[in-house]
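Heads up, the next two complexes both have chain A, just with different partners, chain B and then chain C.
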Partner chain A sequence: MEITLELIAFIILALFICVSAVLAATTKRILRAATYLLFVLFGTAGIYFQLNYSFLGAVQLLIYAGGITVLYVFSILLTSSEGDKAPELKSYKFIAGLVATLLSLGVCLWVMLRHDFLPQHFEHGELNVRTIGHALMSADKYGYVLPFEVISVLLLACIVGGILIARKR
Partner chain B sequence: MIKMEYYLVVSTILMFVGIYGFVTRRNLLAMLISVELILNSVDINFVVFNRFLFPEQLEGFFFTLFAIGVSAAETAVAIAIIINIYRNIRNIEVKNLREMKW
Partner chain C sequence: MIDFSIITSWIHGWLTSWMPLGLAVFLECVIVGVCLLLLYAVIAIVMIFMERKVCAAFQCRLGPMRVGPWGTVQVFCDVLKMLTKEIITVRHSDRFLYNLAPYIVILASVLAFACLPVARGLEILDFNVGVFFLMAASSIGVVGILLAGWGSNNKYSLIGAMRSGAQMISYELSIGLSILTIVVLTDTMQFSEIVLRQADGWFLFKGHLPALIAFVIYLIAGNAEVNRGPFDLPEAESELTAGYHTEYSGMHFGLFYVAEFVNLFIISGVAATIFLGGWMPLHIPGWEGFNTVMDYIPGFVWFFAKAFFVVWLLMWIKWTFPRLRIDQILTLEWKYLVPIGLVNLLLMVIVVVFKLHF
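Moving on, here comes the complex of A and B:
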């Protein structure tokens, strides 16, 4: 297996994602957990860019990294006092969680790596934004206008619901 | 040449780190962050399967696009609920949360 620039970039992205995810799940300070989550989202966007889905990467950066993380940071600052640390978990619970997770991770990796996936590489080529737009707005086969409309109703319901839940009585 | 399995290994690790965080964290916001990790790993899986196995169709692509939108909505409502809980019992630890109705 020869080492290409693409492979090196992928390895760096993969290490970045895995290390940030582990830190986000284990760090004691919750504001740092939100920051590591932001790093994971950046790495995921990098993987989308590497797979030649630039539009999806841009959406990931805009909505996830731009919108959701800000929401997290705001709510963390609202709900936790300064120097707030997570309390120590009982050690048997901690070990039980760790063992269960590692076991299931091992089973999943074993099953997946034993399976032979047919295509070993993908055709490079940018997905046309015109194609995305036509598929998103067409109502015939492989058209996505119905989920597009449904998700707009869902977002409206979420705005109303969020205001209703979080308002002062 | 990057094989398909490499992407799937990354997303599997991300998934189980998220599950580990969800099981061991005791703070509602930290648990929500772990849920975001799980959602991200599933998104990576959809995109990779779409790109490698069905490159001329766009099902996985659009599923990820809509999953991002749905997760934004889900986060907004969950954070509204968490802030409401904080207003009532003054912290968001799970052990203090015995009932959802006041």
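Moving on, here comes the complex of A and C:
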């Protein structure tokens, strides 16, 4: 196997993601876990950029890194107090978690190793935003207008729920 | 008009002629990165000097005058002082997050800075989702500020960080809406393409009324986004000592300070690019002689002139108006700017559909 610049970049990103993910799961302080999660999301965005899919990479940064993580950090700042640490893990919980992790790892590996990957489909270059926009808003075959609208209903429900909880009557 | 892509493609050809492609690309990335950081530092220094002089002018003072002619060496001395100061670590603080926070802020700032096209062929990150990427990159900075507030283990820092978070998240909405208004007009999100479309008139003139409203909203929201006066209450000195960077010293404080000033430049640079034509000279359709004369002025001169003009506008606002309260800031955003921005977006759609623009 030839060592190329892309391979090196991929290995660095993959290592970065793995290490951050393990740290996010093992750290005792909740805000640090959120920060490591942010690193994982950065790494994933990096992989999207490496695949030349800059739209998904930017969405990853804007929605997950800039939106969801900020929401997490905000709610942690509002709710937890100084010196909060996760309690020691009980052994039965540890074993249950380990079994679930190994099981899902097995499923993932089984699917990935048995799947015949198609040859490279995209040309080298960015996907046009116009194409993505038309795919998102079209009602034809392979159009995504239904999920798009359903998600907006979900967001509306979230807003109504938030107002209901926040209003004290 | 000089096309810088000739020079860059010549360098690329020369490098690939005697080394493998991967190594050449890596070397180019390193060179571009170094140039980017150098430009970043130089712009930060220029901005700090300009801030002090403009502030002095609005307060009928002279500003720094002692070191060097008209005080020009003062900022370099300040940088040296900042570099040699001790970095203090606070006891009982989360050391890791405390040290990490300034770097997240500076990372977001550098990523956004790399999107700005300085001249023809001189753009570093030029995705076809460029505008979207810029907003994504600049939204990361909030995390750094929140972590700084938490990591410092200080009440004032935490309150400043919370205020800053609420303010920046809210005002990102207005910035997004006003940029989207121009994206509707251009039907592209790529920065180089946006600049090229303004060859026959800047968007501020081409989009007339909705573009003007979007420009004003963008300036207000941009000022709030970089936490500068009259929206500077995350670091309101009289209430919070210095807000989220109270506990930072030495170069860690310096990074926050530099990021704040370059963020102001980025906001102005984006305003210059999408409303005032970026590096595109002032062209008036029909005036051929005038247009050729304007073309002799290089693109980066136009870009920096426009960007620093917008910087000057924002500094004028900062040193003229008193600070708002937090509820006034949020009222301004959610009850005035966002509805106006949404209606303005609709207006721009109508203008584009019926071809009412120039």
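Just so we're on the same page, the second predicted complex is superposed on the first by the 138 of 169 C-alpha atoms of A that agree within 3 Å, B and C clash if a C-alpha of one lies under 4 Å from a C-alpha of the other, contacts with A are read in each partner's own complex, and residues count from 1 in each chain.
As a convention for this text, contacts are C-beta pairs under 8 Å (C-beta built on N, C-alpha and C of every residue); 3 or more make two chains touch, one makes a residue touch a chain.
Model, not experiment: these values are computed from the prediction.
In the superposed pair of complexes, A:137 makes contact with neither chain B nor chain C. Of the two partner chains, chain C is the only one touched by A:77; chain B is not.
Of the two partner chains placed by superposition, A:95 touches none, neither chain B nor chain C.
In the superposition on chain A, A:18 contacts chain B only, with no contact to chain C.
Legend: residue contacts after superposition of the two complexes on their common chain; A:4 is shown touching both chain B and chain C.
Of the two partner chains, chain C is the only one touched by A:29; chain B is not. When the shared chain is aligned, chain B comes close enough to touch A:162, but chain C does not.
By the touch criterion defined above, A:67 reaches both chain B and chain C.
Of the residues of chain A, those at positions 4, 6, 59, 67, 78 touch chain B in one of the two structures and chain C in the other.
Looking at the complex, you find that chain A touches chain B at residues 1-2, 4, 6-7, 10, 14, 17-18, 21-22, 24-26, 30, 33-34, 37, 40-41, 44, 47-48, 51-53, 56, 59-60, 63-64, 67-68, 71-72, 75-76, 78-80, 86-87, 89, 93-94, 97-98, 100-102, 104-105, 108-109, 112-113, 117-123, 127, 131-132, 135-136, 142, 144, 147, 151, 154-155, 158-159, 161-163, 165-166. Within the complex, the chain A residues that touch chain C are 4-6, 29, 31-32, 35, 38, 54-55, 57-59, 61-62, 65-67, 69-70, 73-74, 77-78, 82, 126, 128-129. Within the complex formed with chain A, the residues of chain C that make contact are 21-23, 25-26, 92, 94, 96-97, 100, 127-129, 132-133, 135-137, 139-140, 142-143, 146-147, 149-150, 153, 158, 161-162, 165, 169, 189.
Here chain B touches chain A in the complex through residues 1-10, 12-21, 23-27, 29-30, 32-34, 36-37, 40, 43-44, 47-48, 51-53, 55, 57-58, 61-62, 64-66, 68-77, 79-84, 86, 91-93, going by the rule given at the top.
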